[in-house]
Structure formats: C-alpha cells, structure tokens
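Shared between the two complexes below is subunit A, which has subunit B as its partner in the first and subunit C in the second.
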Partner chain A sequence: MEALSTFGQLLVAGLLTGLVFALVAVGLTLVYGVMDVVNFAHGEFLMLAMYAAFGLALVGIGPLVGLPLVAIALFLFGIVVYRLFIRRLLAGPPEATVFGTFGLLVLMQGLAQALFTSDYRSVPDPPFAATLHLGALALPQAALVEGLGAIVLTGALFAFIEYAPAGRAMRAVSEDRTAATLMGIDVQRINTLAFGLGAACAGAAGALLVLSNPAYPTVGASFALTAFVVVALGGFGSIAGALLGALVVGVLEVLGGYYLSPELKMVPVYLAYLVVVLARPQGLLGRR
Partner chain B sequence: MSATRGHLLALGALVVALVAVAFGVRDQVTLELVFTFLLYAVLGQSWNWISGYAGNISFGHAIFLACGAYASGVLVTAGWSPWLAFVAAALAAIVLAVVTGFPTLGLRGHYFSIATIAVAALVEACVRVVPWLNGANGFELPIRNGWSALEFAGKTNYVLLALALFVAVQLATLALERSRLGFYLRALRANYAAAASVGIDERRWKLLAFAASAVMASAAGVLYAQDTLFVDPPSVLALSVSIDIALIGVVGGLGTLWGPAAGALVYVVLAKGVALHLGGSGKGYDLVIYGAIICLIAALRPDGIVGTIVKAARRRRGTLGADAFAAEAA
Partner chain C sequence: MSARALAAVLAAAFGLTVLPGGAPRAADPPEIVIGSVLPLTGASAQTGAGLRAAQQLAVDLINGHVTYPLPAVGHSGLPHLGHARIRIVFADSQGKPDQARAAAEELISQEHAVALIGAYISSTTATASQVAERAGIPFLNPDSSSPGLTARGLHWFFRTTPNDATFAENFYQFLADVERTRKQKTVVKKIAIVGEDGLFGTGAGDAETSIGTQRGYTIATRVAYPSTTTEVNAEVQRVKSAAPDAIMMASYLPDALLFMRGFKDQGVQPQAILAQDAGFVDPGFIRTLGPDAEGVFTREVFSLDIKHRNHAVPLIDQLFRLRFAGKPLDGNTARDFMGVLVLADAIDRAGSTQPDAIRAALAATNIPGDLTLMPWSSIRFDAQGQNIGGAGIIEQIQDGKYETVWPFDVAVKPVVWPMPAWKH
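Up next is the complex of A and B:
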C-alpha cells in the first residue's frame, strides 16, 4: 500500500515536472514547425526571461503580474533577433541555423556571466511557497501554478494556431512555403511572428519558473536540453506532441530519479527517446 | 593532381614550422596551447568525417575521445604500457561506433543529432555505474617520464606526438576526399534517396566512416589522458566537450580538408588564449567573443572559414558549376 502511494506521489510529481518541460518546449516546437529551425538558444531566451522576472520582483512586481510584461519583452526581443540574425541564417545552408543559434547560446551565456556573474538569483519571498496536501499527496503550490500556466499557455497557443488567421497562415507556411507564398502569405512576416511568439513562450515560461528556480547564466541550458528531447520525442513541429512528450519525459525522469538514482534520472528518458525514434523516426505525433 | 601536391606542401610546411616551435619555444604554456590546438584539430577532423563529409551532425563525439582517455586510465592504472591503450581505444571505439551507429545513422536531420546526445548521455551513465571505470572519481595517472611511459616532463614531445597524429589524420582525409568512400558519402549527403537509387548502401558506408572517425578521436583521447594525467566523466564526456568539437568543425567549414584545423586555431586562440589573458574563463568574456564570432560566421560566411576560401577559388577558376549542381540536388 505504501509502495502504491509512493508511486502515485511520484506519478503526480512527474506529470507536474512534465508540464514545466512542456512550457519550455512549446515555443521551441512552434519555431521549428514554421521555419524548420531548431533554436538552440531557446534556453537562453528562457534564462533572459528569468533574469527579467527576477529584476521585476526586485522592484516589487511579482512574477505572475510580471508574466505578461516579460512575455511582451521577449516577444519584441525575438522579433529583433529574427530580423537581425535568424533571417540571414535561413538564407544559408541548413547547418547555418544550427550553428548560428549555438553561437547565440554561447554569446548570451557569456554576456549573462559578464553582466550578472554566475551567482544564483532567487526571487525574494516568492508567492506560492507553501505545499498543498490532498490526502496522501503533497503538492508544492509553485509546481501547481507552473503546471496550470503550462496548460493555459499550450491551450492558448494551440487555439491560436488552429483558429486565428495568422495561426492558419503559420500552418500554411509550415506545410508548403512556396504554395503559401503563391497564396499571398508574406512568409517573412509569418516567420517573424512565429519567432516572436516562440520567444514570448520562453518569456512566460521564465516568469513562471522563477517561482521555484533561481536564475543563473546556464539555467536555460539545463531546461533546454530536456526540451530538445521532449520536442524530438513528440515529433518536431507538433504542439500536441510537445505536450505529450513532456509528460512522458517528466514521469520517466521522476521515476528514474527515485528508483535508479538522482544521477541516473535521465537514463530512462534517453532510452525511451531512442526506442521511440527507432520505431517511429518522426517521433510520437510528428509528420513525416 | 596539382591540388594534392598543394595540400601536401602545405602540410609539410606546417610540420616544419611546428617542429621548429616544439624545439625552439621554451614557454610551456605556449607549447600546451599548440598541443591543444593539434588535439582539437584532430578531433574536429574526426567529427568532420561523419558530420561534414557524410552530413550526420553529431553532438556526441566526445564518447570516442573518452574511449581513448579511459583506455589510458584503465591500462596504465593496471600497470600496462600506455602504447597498448592506442589499440584498446581503437577497438573500443570501433565497437561503440558500430553498436550506436547501426541503429541511428539512418535517422534524418535533428532526430539523428538528438539521438547522439541521448547515446552520449547513456554512455556517460554507464561509465559512472561500471565499477572498474571508477565512476565519478575517474583516474589519476602516476607521474612518470619517458617514451615507454608516454609521459614527459616538458611539453615538446607531446606537441610532436599530436603533430604526428594530426599529419596521419590529414593524410587519411586527403585520401578520403579522393576515394570511393568519399564520393559515396558526399553523394549520400547531397541526396540520400538519389544515392540509394544508384545502389549506394547508406548504412554500410556511413558505418565505415563512423568507425574510422571514432578511431581517430580515440587516439586523440589517449594523448589527452597522457598529457593531463587525469580522466573523469565531466572532463571527457560532458555535452559541452562534444559541442566544442562540433563548433570547431563548422567554424572552419564542413567537409573541407583544412576546415577543422582553422576552426581549432580560432577556438584555441579565442576560447583558451583570451581566457588566459583576461584572467580565467569565469568572467564570460571569452564566451562573448567566441559566441560573437560563431554568430558572425554563421550569418555572413555560413560555409565556414575554409569553405568560403574554397568556393572563392572555384569561382575564380570557373568550376563552381559542380557545387551549384550538388546544392540543387540537395
């Protein structure tokens, strides 16, 4: 009985962890779906958002009130990065986007280290620090808020892509760039919008993550590495796939950390990725 | 064949210059930087075989470096000659390349790249768990001196050893560019469906290239361990090591003979040299400069340093047509 309740607790913890991964992964998969770019600097966008949310908290604006501000700031940052940089990478060979965004990762980490040092910065007196007890389950409130945020954000993004005119244009571009251009869609505008939205997702994620995580220069890398696996597991470009992949990864990681050892928590995740991708090379919900 | 003679002359000139540096320069820090440059040039070229010529971008190449470093650690600790480590490392690297490459080399694009990250992480987990690999502690080699121990008090002999390995790897790559394997790999990279339709067996040739690439990296791993005398999972198996190797390959130019050397030069001068002069890498200035350079190359010269030079030379000779055709096919 106790083993069962432990398993239940781990399962819930895993699902909540998975929702946090989904938060980071949806922006990544959106950008990939529209313009075939894996933004390796996505984690650094997240890092920037966490520092921004931390800064706002210092002047008295809490993370949840600050969330829309950080998201808008990151949206504008994403647009600038696309216009100045990503657009040029897209004109080059396919590997240019891989290494260009890697360069951006190194540059942003270096800048953060130079400007903010490597110290951990935690929001003072964060809200939702308490733990909620539901029967035998202990649920940290911060994780619940983050999970709820992930569900709202993923739902909003999904609805936008499905129903908004700009979202439909994004789907058109992701299906066939040439045909979309012929139908009068300005691909550069759609790309700019998608990249901005992807960055805004990282912004929202960062504002939520400071509830339970400190900001430091390499914080993004630790989340982004998992997010890459999540996105590939779910299928590059699929938002539903990112959510499903994130839940699978979250549960496997928490179970692995408990039943194997904290050091080996990623082993079941990577094994699952290899098994899935060898059976289904396009990931769980990806298109061929 | 005059191009071949040009490459051989350049290689010869480099050997003469670096041998002179090895014996002429007294400053051990400079010699260590030269050694690091040559080691990374070898690692970058080894990565270039599978990721540049064959087009499978790997973010897990450090596992083959680790084969060599750990072969040294295990054998020397057990009292065997470090020279045997070259053989053991090569065998381990071939087995690892075949076991991991057979299922994954057919994956396309980013799915392959993420799979290499997964494989490297699993290898690191195994190293941490297997008792005779000493887990998180790794190996500390005893301090000795002489050719039989493959350890030296000064850095001159390390530079010479790395130079010998670099020359061997450059000659092998020169041969690859002119061989059937080289043509097959480039055909598969340009358009695997078209290449498969004329009977090129993707798995077979890519496995061959992957195994050869793994052996080169493992030899570099032995030299690395014999120089630093310390091997543990973070120093040879971290994701950042694999990414450094990949960035060197691409900054220089994918699928070019001299690209990895050019990339390694940029890496050593900027990442290591700048860090030395700005007082350690803790402040992040080295990352800012290195990151900015990668960004600029990716945006302005996406073919890399050597790739840009090669294209410019072809344009002058009017033989760019073949490249344009290959790009069209891709």
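Up next is the complex of A and C:
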C-alpha cells in the first residue's frame, strides 16, 4: 500500500514535471517546424522572460497577470531578433544558424551576468505556494498552475497552426518553402511570425516558471537541455509530439530518480531517446 | 664663465636637486611584496573585488599605526624588519586554473613576491600553490574549503580556513552539544545526507557520512543529485522513505528551494535540517520561503555576532564598508583579511624575507582565537599546513533572521529544537 501510494505520487509528479518541460519545448519545436532552425538561444529567451516576470512582480504585477505582458514583450523581442539577425543567418549556409543562435546564447548569458549579476532573483512571497492534498497525493499548487498553463498553451498553439489562416500558411511554409512562395505566401512574414510566436511561448513559460524557480543568468540552460531531448524524442516540429515527449521524459526522470538513483535519473530518459532515435529517427510524432 | 665652470655649476645644481630626493630614499626601510592571486574578472569577479578590498585594508592597517586586538597591525610596518612596509600586488586568475598558474608565476618572477596568498576558488588555489611549491615560496590560502588541498603533501602550503571536513565535524559536535543540554536523551539517530553531485556536495557528503558513521549514527540515505536539475521529486521521496531524524544538505539556491518546498509538500518532518551554507544563506532563501524557512540550521564561517568575543569585528566591518560600497564584512572577506595578517605576522617573526625563515615562522604560528575576527579557537598549523584551530558557527533562522546559536560562547540566541512543524 505504502509502495503503491509512493508510485502514484511519483507518477503524478512525473506528469506535472513533464508539463513544465512541454511549456519550454513547444516554442522550440514551433520555430524548428516552420524554419528548420534549432534556436540554441531558446533557453536564454526563457531566462529573459523570467527576469521580466520577476521585474513585474517587484512593481506589484503578479506572474499570472504579468504573463500576457511578458509574452507580448518576448513576441516583439523575437521579431526584432529575427529581423536583425536570424534573417541574415538564413541567407548563409545551414551551419550559420547553429553558430549564430549559439553565439546569441553566449551573448545573452554574458549580458545578463553583466546587467543583473549572477545573484538569484526569486519572486518574493509568490502566489500558489500552498499544497493541494487529494487522498494520499500531495500536489503543489504552483506545479498544477504551471501544468495547466502548459496544456492551455500547447492547445492554443496546436489550434492556431491547424485552423488559423496564418497557422495554415506556416504549415505550408514548413512543408514546401518554394511551393508556398509560388502560392503567394510571404515567407519572410511567416518566418517573422513563427519566430515571434516561439519567443512568446518562452515568455509565457518564463512567467509561469518564476512561480517555483528563481531567475539567474544560466537558468535557461538547465531547462533548455531537457527541452532539446523532449523535442528530439517527440519529433522535431511537432507540437503534439513535444507534449507527448515531455510527459515521457518527466515520468521517466522522476521514476528513474527514485527506483534507480537520483544521480542516474537522466539515464532512462536518454535510453528512451536512443531507442526512439534508432527505431523511429523522426521522433514519436514527427513526420518525414 | 668658462665651459668648465659652467659644467661645475650645473653639476652642483643637478646634484643638489637630485640628492634630497635620492638620499633619504636609500635610508627608507625596504618594501616587502606579497603577491595575491584572485578572480578579479569572470563569474566570480564580484567576490574577487571584495576579497581584494579586504586584503588591501589588512595591508594598510599593518602599515598604519592604529592598534586593534589583532596580530601584526598598528606597528607602522613590520617592527622586526626595521618597520618595512608591506606592498600587496594583485594578479587576476579569471577564476581559471591555468590562468591562476600564470598569475602566480608572474608574481614570483616579475614582482619578486616573498610569499603568495589566494586564490578563493579551490581549483585555482591548487594550481597557483603548485607554482609556489616549485619556486620554494610560502603560499597562504585563507579561503578555499576543498579538503583535498591540504592532502597533497606540499611543503610550502598553509591554509587558515577550516575545510569541509571540519564543518561536517561541527555538525556532529553541535548535535552532541544539543543532546547534552536537553532534558530528553538521544534525539537524533538516523541521518539523511543530501547534496548536489559536484565537488562541493560530494566533498561535504563524504565527510558527513564517514564522521557520522564513526560516531555511531545511522546514515539512512545518501542522495546525490545533478546540480542543474529542475525538479527533485524522486530525491524528496527517497528522503521521505528513509524517515530521518535530521537531514544534512549541501545545495545551491534553486535546488535548496526545490527541496524545502518538496519536504513541505510531502510532509517530510525531521527534527532538524542542517545545511552547508551556499543556497541556504543566499538572501533569496528567506525572502522566497518566508515562514517555511523557519528553524533551518546552516553553518557559516563568520558572523558579525563574533563582536562579543573580539570588539575589533565591528570596527573592521566599518572600515571595510567605507571602502567597499557599504557592503558588510562577510565570511569570505573576513577570512582574507585574517590571511594577510597571519602572513605578515609570520614574516615579522621571521625577521627576514628568506623563504625558509618565513616558512619556519608560519609553521610556528600560534595566534589565540580571540585575537582573530573568526570563530576559531586558535591559528596553529599541522604538518599538512592545515589550521587545526578552525571551526565554523551554526546559525538558525529564527523570526526571519539568521541568529548564531553555536558554539554556545558566541551564540546570541538559544537553539530552537526541534524545528517547527510545516504550516499549511
């Protein structure tokens, strides 16, 4: 009985953890799907969003109210980065975007270190600090809010890509860039929109993550590392795949940490990744 | 006037103008150069700036004439060397081992330093002290806590700060002291040891495990987790399953917060949580957790509460604040300040700048604890160069503040035991 309730607790914790991973991964997979660009600076966008949400909290705007503000700010930031920087990289050889976005990562981390120092900044007295008890299950409210946010965000993004005209244009660009251009789709505009939306996802994720994590210059790296595994596991470019991959990673990490050893908790995750890559190189829900 | 006479007049005038500047200079006592390796740029640059200010303050007080209850200060230089003044030259390690080596080489060959001090980050202390070892020059380390540094069998290496093994020892002394002063018998038997899997957490955990086992405690579980982790669900469940009486932790802030929230969510209720500073003394710890931080114990290397033992503490603190943008003296800066005094005291007692004489004087160092800014019983080195009088203090979070509760002779508040139950 004791063992069973521990397992139940771990399973639920793993699913909630997975939803947090999905929150970070959807923006990454969206940009990849449309533009074929792996944005290595995605974690740094998240870091910037967390600082923004922290700053808003200091002037009395809580993370949930601040969420749309941060998402819009990051959307605009994404557009500027695309226009000034990514667009030029796309004109070069394929490696250009890899090195370029990695350079952006280094630059943003360095700037954050210089401007904000390496101190940890956490929202004072954050909301949703309480715990919800359901029978033997103990569920932290912050994790529930973050998980709910992940479901809403993924759902909205999925609906947008499937049904909105701009979303359909994105799909067209991702399927065949040349054909899309011939059909009168402005690829530059769609790219700008996709990159902005990817950044806005990082914005929403950052506003939710400050509920339970401090902001610091390298915070993005911790989350982005898992996000890359999630995206590769779920299928590059697939929104639903990112959600599924994230849940798999979350559950494996938590169960592995308990039943194997906390030091080895990433082993089952990378094993699963290896199996998927060998058996289904495009990822669980990837196409091609 | 003939050319010769003109030359003579000019020579006389020249001589007259030169002599007043030159002659007394020759009579000045020689300067003694100490080389300091510190991370002045890079990720630890802010800490490095504080350490530099503290070391420079120490040098200025040694060269000055105001006395405090501290060794080597207030004699206008080193009296046994004709009041020679100390000059400290700083070289940047950038926080990197190879750069620290280059910095140490430069200080010895270019600046002719008679001794080195540094270098804060354990891995940089390791390489810089190797350079001093090869050159046959004393190296004083006031601020690196990796136990391995004094296990290398170096002849010229001395460390004034206690290391992580000492701090682990302190936890058990504290448990024994609490037990002795409480009415009920044995309170803590089972201990859970939790730490990040880097040098810091592993070193602390190893020491806590071996000393705890020696003293007859049961180590119920040992949890080492990746320091970059974003969730600690499995780790918390493991601690919960072990049902420990006390938890010893070595974590940085993000993970410390995750664990504290996890313990509360899952109803993990030990009698005490004993932490190795780091995340648990970060200003964000109490600010974020509020009442959930109450009752947590953490070791520290220094506290301004030590003023009750040495009244120099608040005075040096004030002088330091004047020089360092109002920031108070802390564990790192106080240790570096003391390090310079210990080195100067040894050079003075040696009465010579010969490396062998300075080394012999360092080895013979015996400074009573109440002549330091630290909570130490004394400064005396063992054969490995480790100060055996070192100790930490233990603070407890009470009413949202860190209060010194151990050792009892510097404590300002009584221990609250067990820690309060989680409030839901």
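By our rule, the second predicted complex is superposed on the first by the 288 of 288 C-alpha atoms of A that agree within 3 Å, B and C clash if a C-alpha of one lies under 4 Å from a C-alpha of the other, contacts with A are read in each partner's own complex, and residues count from 1 in each chain.
Note that a residue touches a chain if its C-beta (ideal position, glycine included) is under 8 Å from a C-beta of that chain, and two chains touch if they have at least 3 such contacts.
Just so it is clear, the model here is predicted, and its values are computed rather than measured.
In the superposition on chain A, A:Y120 contacts subunit C only, with no contact to subunit B. In the superposed model, A:A13 lies in contact with subunit C only, and not with subunit B.
Contact with subunit C, but none with subunit B, is seen for A:L255 once the two complexes are overlaid on the shared chain.
Looking at the shared chain after the overlay, A:M266 reaches both subunit B and subunit C.
Judged by the touch definition given at the top, the superposed model places A:S5 against neither subunit B nor subunit C. Of the two partner chains placed around the shared chain by superposition, subunit B is the only one that A:L89 touches, whereas subunit C remains out of contact.
In the superposition on chain A, A:Q188 contacts neither subunit B nor subunit C.
In the superposed pair of complexes, A:A232 makes contact with subunit B only, with no contact to subunit C. Residues 113, 118, 225, 263, 266 of subunit A contact both subunit B in one complex and subunit C in the other. Those residues of subunit A lying in contact with subunit C across their complex are 6, 9-10, 13-14, 17, 20, 113, 117-126, 129-131, 138-140, 212-214, 216, 219, 221-223, 225-226, 250, 253-258, 262-263, 265-266. The touching residues of subunit A, when paired with subunit B in their complex, are 32, 38, 85, 88-89, 92-100, 102-114, 118, 217, 225, 228-229, 232, 236, 263-264, 266-267, 270-271, 273-274, 277-278, 281-283. Partner subunit A is touched in their complex by these residues of subunit B: 57, 103-104, 106-111, 113-115, 117-119, 121-122, 125, 128-129, 239, 243, 246-247, 250-251, 254, 282-300, 302-303. The touching residues of subunit C, when paired with subunit A in their complex, are 43, 46, 197, 223-226, 228-235, 237-238, 241, 253-254, 257-258, 261, 264-267, 282-284, 287-288, 290, 292, 424.
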